[in-house]
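Listed below are the structures to be examined.
Heads up, the next two complexes both have subunit A, just with different partners, subunit B and then subunit C.
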Partner chain A sequence: MSSKATIYSFLFLGLAVTALLIVAPVVYAVSLSFYQMDSFVGAPRWVGLDNYARMLSQWIFWRALINGFIYAFGTIIFQVVLGIGFALVLNQVFPGRNIVRGLSILPYLLPTVVVVLTFKWMVDGSIGVLTQVIAALGLPPVQWFESPGAAMASVILVSVWMWTPFVTTTFLAALQTVPSSLYEAAKVDGTNAVQRFFHITLPMLKPILTVIVLLRAVWMFNKFDVIWLLTQGGPVGATEHLAILSYKQAFGQFDIGGGAAVATISFAILSVAVFIYFRLFPLDTE
Partner chain B sequence: MAEVRLKQVRKAYGATVAVHGVDLDIRDGEFVVFLGPSGCGKSTTLRMVAGLEEITTGTVEIGGRDVTRLEPKDRNIAMVFQNYALYPHKTIYENLAFGLRMRRMDKAEIDRRVRSASVMLGLDPYLERKPKQLSGGQMQRVALGRALVRDPDVFLLDEPLSNLDAKLRVRMREEIARLHQEVGTSMIYVTHDQVEAMTLANRILIMRDGHVQQVGAPLEVYDRPANLFVAGFIGSPEMNLVEGHVSGRTVRCGDLQVGLPPDVEAGEGSAVVLGIRPEHVGVAESPGARPFQVSVIEQLGAQTLCIGEVDGVRLRVLMDRSDAISHGTTLPVQFRPDRLHVFLKETGARLNRAGAREGQRPAA
Partner chain C sequence: MSRSLPRSAAGRIALYVAALVIAVYSAFPIYWMVVSSTRAPQALLHSTSLVPGPLTWEYYSNLLELTDYPSQFMNSLFVAVVTVVVTMVFSVMIAYAVTRHRIRGKGLIVGAMLYAYMFPPLLIAIPLFSIFAKIGLGDTLTSVIVSHLTLTLPLGVWFLWGFFKSMPFELEEAAMVDGCTRLGAFLRVVLPLSLPGLITVAIFSFLLSWTDYTYALIMIGSDANKTVPVGLASMVGSFDLRWGEIMAGSTLIALPLFGAFALLSQYFIQGLGAGAVKG
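So, the complex of A and B:
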């Protein structure tokens, strides 16, 4: 085989794998949304846009959409702000810094199930650490998963706890790329630490930050496991977002077409959001 | 404008001492160059004056004010960095104005200063550009301008020309000299390049391994190097350093015998090092001249540098341009005692009491 043929065969192989593993499932999922289907074995029936019309006309869809935005924005804002804050702290020189830096990534390394079970254990009604602390402080007990507001706060809290280390680590790595002479020049120019953050750190790390926020946003918008394991979307739909709704529709209500329609809409919303995001924050400017 | 005073300024990183007690009084408007090989502590000393490096012991005064424990911003200094350290996301105008804006200066006054600095440095056409759209020389001008607009008590420059190519370096060197004449502010300039030091400085402070070796005007350190290190470091082409032993009023270096300068007292048999500048070797037929066998010739244009041997001693000899010399030529050379430097081999200390006299030295 000539080298050209080798290259093309690899290219073809790559495209084939991509098609098989990514494009095909997406096409299949999207196509499902145009059929009425109550199980994967029965014969599907073409219904056009009926599934969309039916889902969009239900208020649970809109509730899930709003919940999704609350969850995504809430987790992203806290992750990014806390993540940057921790990164700035870990970037200082202090004894034992390397150990603390290593430990800080820990929550990110734990499997979601472990994190969720740990949290459930911590807020257990009788033996939970947090329960005890709150009681000791004389505060009223928190209905972690029973009250709608607290349930949303709980899923956001656990998610932030799990994924803030990702932001911290990425940002910390990026901080090392800023030449120290820029900070020194700024010190001579009369800035304080806060001014240096806004005039040097933030503009220098804007491209990285743009990517971090985008990655986190896409992940959080589609995040399924944490919510499912913590609340399964409850109580009464308070933490149910589009991914949960889609799953429940398809596998709880045996409405596969409806579930596929929700997933497709979610995919479309995310695509548009990413497109707008890149228009607002282009990567190639300083 | 102000004088700067360093008293026993010392820097230790844990157990390693980077700078061992520097004492220096810089007069108002003086241009002082810190010179020495890489790692000798020049930058550390400069950064202690700037406040970017904590001073382990000792004090720094600027304009009669003890600034030892003050932040860089409270010292009224301006600094130029080797890698320029321009703010990449700000325009040139904003780069120049930033230090003034942070000090809440009046907008009109900022504009006046930025305009005047940009005229002085020829930056007018670039004010709206970003740093990465400029060449190295232009970026270095912006860095100078950023210091200039501040109108500080003292300018601190850390190897500002090291990132430029040779030609540009010479041009910027002249520009810095002109700038110093125009603004008259005290300057401390760090470099490892002795030519830069010789051409720019009012006074040079030479360092080695964190110790000050000598402080003096360029020609002073050239004519009277305080020790072997300075003798070898200052001057281009380098001074010839020849080991020998004192024998009566002469020094014996193998087969070569050279008369001791009158101002040198040295015990019989002491091990010394003779310092002979290449341009101080006399090339002329005369009684007592020794044959110098040329092996390498470097034509420098105005001058000719010959490398070869006399009585088994390797020597560099610099003379007026001579086209006729070739490999194997033998030249008559002689050494005038009043042009010789003598150092004690063991300590490197200078033994001449007066200076090696300045004669009609060809321009170095």
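So, the complex of A and C:
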């Protein structure tokens, strides 16, 4: 086989698989959003933009959109602040540093279901270890999921615990790239550690930090499993965001067109975000 | 860049306290999961002692003997292994072709891969479920594997693209001058040298597939075909909460990951730094 033939057959095979697995489902999903379908095997009926009009005219859609932004912003702020803080600590020299670095990654490895079940066990109403600790401190019992505000806070708390290690690890790796001569020079000039962080570390790491924030923003906006497992979108829709709404429409109400329309709208919102991302950070294809 | 020890005693103490807080914050829930899974029933419901014990294995034996857990564990393993193998084969081909040949619009191909990795899960799950239901493959492990590939394939191409890009072209050229075909050079030179990159892709693909809840929840209806995350979550919905068994089941899903991490942490951490990511 000639050199070119090998390359092209690789490319062709690979792209065929990608088209089948990724492009086709997306095209199909977008087209489903223009049909009415009451079951997954039933005959679709063309309704044009009706599904969009129907979903956009319901306040639960706008509530889901706002909840999605609250959840994404809430989780990102805490992940990034905690992650940077952890990375700065783990960048110092202390005995057992490698062990603490290893432990700090573990939450990121766990399946969401394990994290959620363990959290639910720890806050169990009577015998959970966190419930006991809160009681021992003389604080009033926490209703983790009963009120809308508390449920959103709990969902954010669990998500932050799970995904902070991504920021910690990436930021820690990036810290190694800042030349130590910069810090030495700043020390000679009599700056303190806080000034060095804001005037050297942050500006040097701004590009990587922007990438981290945008990637995490997209993923947090898309998260389904952690919210579904913790609250199923409740109480009374307080933690229901677009992914949950789309799932409930398609698989709960068998309104497949409506579910597809919501998924397509999320896709459009993300596309705008990704477009801005590529504008800010063009791909280096050479 | 590693700074020297803080000079003052107060600074050192603050550092140790911060490190301890990070360690406890990150590891305590995991520790508590393992402790709970081995604590005898009476104590489990009354004691919050941080010291393990009194020990029991009954949750594990209940789980393995009385529930679908063992078969669901095998389902998860099957799905993850097939996903890893298929991902590696195809992502190597695409990434190699894209880096080693002047193809117009290759930025588009690579960009599309990164883009695909950010698709909303329901955008993929709704059409896949519909397609599999129509062709009579609803509620099968095949449908779960295909849905996992929609995540792992873009990840693999994206990561290996970066990896091949940094591998000098001269190596294959030398082999080809010595009489190797392009395919021969690829198999004998490129593949062995890209082993670290392949290991990284395998780790992240396994992790994505093994920990997935969303796609398995949507694709699978019957208990017999559930993967462990979905099977375990449905135990919570049943009439009485058996926390011991639930924590034992959680520990068993987490252990393979921790074992692999202990052996392969260098690939994992380098991978994270080089653009391999898990949602």
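The rule is simple: the second predicted complex is superposed on the first by the 275 of 286 C-alpha atoms of A that agree within 3 Å, B and C clash if a C-alpha of one lies under 4 Å from a C-alpha of the other, contacts with A are read in each partner's own complex, and residues count from 1 in each chain.
What we mean here is this: a contact is a pair of C-beta atoms (placed from the backbone, for glycine too) under 8 Å apart; a residue touches a chain by one contact, two chains touch by 3 or more.
As the structure is a prediction and not an experimental result, all values here were calculated from the model.
When the two complexes are overlaid on subunit A, subunit B and subunit C sit side by side with no clash. Within the superposed three-chain model, A:F267 lies in touch with subunit C and out of touch with subunit B [touch as defined at top].
Remark: in the superposition on chain A the angle formed at subunit A by the CA centres of subunit B and subunit C amounts to 80 degrees, rounded in steps of 10.
After overlaying the two complexes on the shared chain, residue contacts for A:L106 are found with subunit C alone; subunit B is out of touch. Subunit A has more of its residues touched by C than by the other of subunit B and subunit C. Contacts of A:M204 after superposition on the shared chain: subunit B is touched, whereas subunit C is not. Once the two complexes are overlaid on the shared chain, A:A135 sits clear of subunit B and of subunit C alike. Look at A:T191: by the touch rule set out above, it reaches subunit B but stays clear of subunit C. By the touch criterion defined above, A:P179 reaches both subunit B and subunit C.
No C-alpha atom of subunit B lies closer than 8 Å to any C-alpha atom of subunit C in the overlay. Residues 179 of subunit A lie in contact with subunit B in one complex and with subunit C in the other. The touching residues of subunit A, when paired with subunit B in their complex, are 179, 181-182, 184-191, 195, 199-200, 203-204, 206, 286. For subunit A in complex with subunit C, the touching residues are 1-4, 6-8, 10-11, 13-15, 17-18, 21-22, 24-26, 28-29, 32, 40-41, 86, 89-94, 96-97, 99-100, 102-122, 124, 127, 129, 132-133, 161, 165-166, 169-170, 173, 175-176, 178-180, 183, 215, 218-219, 222-225, 228-229, 242-243, 246-247, 250-251, 256, 259-260, 262-264, 266-267, 270, 274, 278, 283, 285. On the subunit B side of its complex with subunit A, the touching residues are 50-52, 71-73, 77-79, 81-83, 85-89, 98-99, 102-103, 130, 146.
Within the complex formed with subunit A, the subunit C residues making contact are 1-6, 12, 15-16, 18-19, 22-23, 25-27, 29-30, 32-33, 36, 44-46, 48, 90-91, 93-94, 96-98, 100-101, 103, 106-107, 109-111, 113, 115-116, 118-124, 126-131, 133-134, 138, 146, 149-150, 153-154, 157, 176, 181-183, 186, 207, 210-214, 217-218, 229-230, 232-233, 236, 243, 246-247, 250, 253-254, 257-258, 261, 265, 268-269, 272-273, 277-279.
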